[in-house]
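Below you'll find the structures, each written out as structure tokens.
Both of the next two complexes hold chain A, though its partner changes from chain B to chain C.
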Partner chain A sequence: MPCRSSQINLSVTILLAAGVMFLFALPAFLSRFYIYLFSGIFIMTLFAYGFHLLFTYAGYISFGHAAFYAVGAYTVALMYKHVSDSVWLAFLMALATSAFIGAIIGALSVRLNKIYFAFLTLGFGQLVYTVIFRWRSFTGGDDGIPGVMRGTLDFGFFQLSLKPLVNYYYFTLVIFLLCIFVLWRIVNSPFGYTLMSIRDNQERSSFTGVNVLKYAWLAFVISSMVTGLAGALMVSLCGMAYPELSFWSSSADPILATLIGGAFTFSGPFVGSACYVLMKSYLMSTIGNWAIALGLILLVLVLFFRSGIMGFFSQRFKVML
Partner chain B sequence: MNEILRTEGLVKSFGNLQAVNNVSISVSKGEVRAIIGPNGAGKTTLFNLITGKLKVDKGKTFFKGRDITNLPPHQIASLNVVRSFQIISLFPKLTCFENLMCVLITRKKRNLSIFSRAKGHADIKAEVFRVLEMVGLADKASVPAGMLAHGDKKNLDIAIPLACNAELMLLDEPTAGMSPEETQAITSLISRVCHQEKVTIIFTEHDMRVVFAIADNLTVLHQGKVIADGKPEEVRDNEKVIEAYLGKELYV
Partner chain C sequence: MDFGVICIDILTGLSRGLLYFLIASGLAVTLGTLGIINFAHGAFYMCGAYIAWTVAHLIGNAMGVFWMGAAVGGATMFVFGLLIEFVLLRRIYAAEHLYQILLTFGLVLFIDGLVLEIWGGLPKSIFQPEYLTGSLSVMGHPWPVYSLFILLFSAALAIGLWFLLHRMRFGKECRAAAMDREVSEALGINVSRVFMLMFGIGAAIAGIAGGVGTALDSVSPGLGVRIIVICFAIIVIGGMGSLTGALMGALTLGMIESFGWHYFPDLAMLIPYILMAVILLIRPQGLLGGR
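Our next item is the complex of A and B:
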């Protein structure tokens, strides 16, 4: 069926191009509130993709990704506060610190798998939370770091302030699209398939010559960097770094978003995060105690759409989305 | 000497049980060696010691003269000593093609290629289809391994060490749980493989028809010890072997 699959490829490409154009055009006809909300969706999506790389492709379920989210956020907040307003510098530093912390926590965690890995990451996540909460002189303790600015993009020949929300929206969108492109390449690369062989059967994989710990560790580091980037984008959007970013309940956000969207699809985290953020925002403004509604939605999901929204469509149309 | 694998006095015990007790074997290049013995004789433990799944208590293993004792499994595998497991062990969510593609990525040391398209590596693709062809799975290339029929799963299971370019293949009960027809098919696949690909094969087996059909030499294990070693005809008439399998005759 080469004809059919090329038709599908063509329609997917057209759909994607239309979707990207739509996202670029959004600020023209949406209010500030929705521009803010959509930036939030992109950030939640990146957070979810960080978790998704490790979970869906390498088979490790992390309950501590909030740690890297907070590390990215605090790095940017501290860089703007103490060093300079350069966006490049702040974001490079955020990537470096989340990679560094990820490398340490990853090296200690990937030795175990399944529930033991989950608990170990949960423990390390709480450790990071405690450090942030207690180290008042550096992190501001439970006050956090208020008034985080949005920095200035320096292109050499001209400088772009990210202070206006629309500028920041476009900055977030570009980083979001770049990251998704890079991740798409990674999961379809020989490295991606090495991870999938580890996910499917760790023992067999190592008996064909794969150094499982090394590749799982690398996946962990990449995953923490993507998550750190999400935190870095978030802190400038909402203008504040606070310890709850690293609390274990914050680690549940990317897990829920990924499961709602469909863990075993590539587009799942995006669709899931969009639903999750929109739902949360709508329900919070209407019924207040939105956790009740979230619980009901999860119940429906587990009972009827176990493979998530995009998993459901993938099975329906027999294409990998 | 044409020796490819030698073990010297391998010992492994679990608590009070001596699972492998002073086992020394020597396998020459191109040989098909069957390791037989009653249940619990230590066959699988011996495989686990050779391939690095378990650490040895005492003794050494040499592959082509190189000491490989207690190396981690992935290092032993990358020396082209590749095993299969008693229970079929595949990458179930990946297709047949992808199963072997993963193996070839590792064999060609491209695991760190992080930005190229895995399915765009033409040499890997060609090699995957060559191996799929050999085991008769070419028409099922895009079927997920977990959805294959039992016999096809077993074929793919044996295709994995083949795709690894194994020089020494250790097959742990390749015909376990198979129908007579499937057993026949696997047997002829194994003998075809060792002649075409010049692979040395060590396998454990309970089905004596398979053993006598393809093995050049037999090693018999009983309670962790080698009790006989040699050509199939010699071993068949060995008294100790008969005793191990049938027990001592009490009423003569």
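Our next item is the complex of A and C:
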């Protein structure tokens, strides 16, 4: 499957730089609603990249990523509520907890083959949901944790409150770009290529001396950290942590976003998330019950449009995007 | 410790376990023959339950409405299963496993949304028929008649399924088609038809189980996913792919749940997950699975 995307030519570089500048300039001419929506797109993109790393590069499909999303969200909410309003502390803690939970669930889930992996992640995801839902004294049960604030960034010499939406937009954007850069480096490193060899032929890569379980587990942990970070960003944006974040249907979000954009391209999750967030916000305001629509979209994508939007363009213009 | 109480726990575990087996058997069979992991299997159970409720709701308190509900639920799911195989699954046998999994996951999303649209979010439950209420006395302790009924009913259906698969021509055709599709076709077996029927039968069993099961627990939109997770826990515990494995897994889970509800009610909801994790740690191939 085409996935090697290490050669970026000049035009793509220029396009990328223009795109980034555009994103930095956006708040100047957009209303609050759209700033909020774009922050949501960045967060959904990170969520989708968490799924994408496992799905596209290692060939493992996870139906339980909502668990890490919720773990990140609840960690930040609880840190702000009980410890301090330091953004550094809360986000580091969110990375640590999602990595920890991811390490446990990942170690259990990669033990069987790739097909059963989907079920195991679904099961353990529902386990996390059950724990969040039932552990009322700690997580607030089905009431969730309302009124999550946005914290303060402490740079030592000056402090930046993230309370204004524009500040939070920039914070999200910077983390988003950093994450994408790191992921880009990861998938184009020997580690990334090893993952692809596992995806293409697990047996053969283990014959060449690759410890398949270890690599799959490492990819799982990285993926859950990215997902946890997305959850951490989301909870401050919308101001509330609630158990449905970890419900199985929330695991469908990154899957749909990735497939719409094109699973086997690097830019797919971003394009897909943008379409997905816009579509979802439109569908939710027009028809209340959008799960049916999502299900239908997924069916159509799988049956007729497996390459997704960016996959389509890549084939059309013979460029790996 | 009272011996009678333990007896009750064991009987309850048996009854629960057999119902679980009934649900998981359809999944195991479609996995074994079609090679497709069907995430929508739990949704079939849920739909069967809702249809049984609707029948009971429409007809009211007539004689045999309970049986009619289960039968209509099963029949509807049979037709639904045939349709799904014919319209969707058939197009995707040749594709990668990832896409098959994604397809049935899309089906889960769709059915869940549809159920929410038709029946709403509130839990629904039907009454057990008059002659199945009340309780028996087992060594001086009461045990509900309905549990005995579930035990016998599930056992009968399971034996029927075993008979179908191992003693009838259809079962032989199924196994032949699963082993080698091309050779079976060359021998004159209509493999497409066999696969379609097999998927329908799996769905029908889930539908019937749903109709019978609603009188035990209520049904609400999240049920399908809860059931599919339990089904898969059973398959992991018992070992992949075989009906015997599914039976072992289902009975183990039923027993441990029955004792768990009794002695550790706080942890009871987590039992399937914990059991699954423990098995994965100490015996990843399952209780009966070989390497």
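We take it that the second predicted complex is superposed on the first by the 294 of 321 C-alpha atoms of A that agree within 3 Å, B and C clash if a C-alpha of one lies under 4 Å from a C-alpha of the other, contacts with A are read in each partner's own complex, and residues count from 1 in each chain.
Rule of thumb we're sticking to: contacts are C-beta pairs under 8 Å (C-beta built on N, C-alpha and C of every residue); 3 or more make two chains touch, one makes a residue touch a chain.
Values in this document were obtained by computation on a predicted structure and should not be read as measured data.
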item	value
Which of chain B and chain C A:R185 touches, first, second, both or neither	first
First, second, both or neither for A:S205, with chain B first and chain C second	first
Winner by number of chain A residues touched, once chain B and chain C are compared	C
A:Y193 touches, of chain B and chain C: first, second, both or neither?	first
First (chain B), second (chain C), both or neither touched by A:L233	neither
A:L95 touches, of chain B and chain C: first, second, both or neither?	neither
Sites on chain C touched by chain A in the complex	37, 39, 88, 91-92, 95, 97-99, 101-103, 105-114, 116-117, 225-226, 228-229, 232-233, 236, 240, 269-270, 272-273, 276-277, 280-281, 284
Complex contact set, residues of chain B against chain A	51, 53, 72-75, 77-78, 82-83, 85, 89-94, 98, 101-103, 105-107, 110-119, 121, 160-161, 164
Partner chain C, residues of chain A touching it in the complex	55, 59, 61, 63, 108, 111-112, 114-116, 118-120, 122-124, 126-127, 130-131, 134, 248-249, 252, 255, 259, 289-299, 301-303, 306
Contacting residues of chain A [partner chain B, same complex]	185-186, 188-194, 196-197, 199-201, 203-212, 215, 264
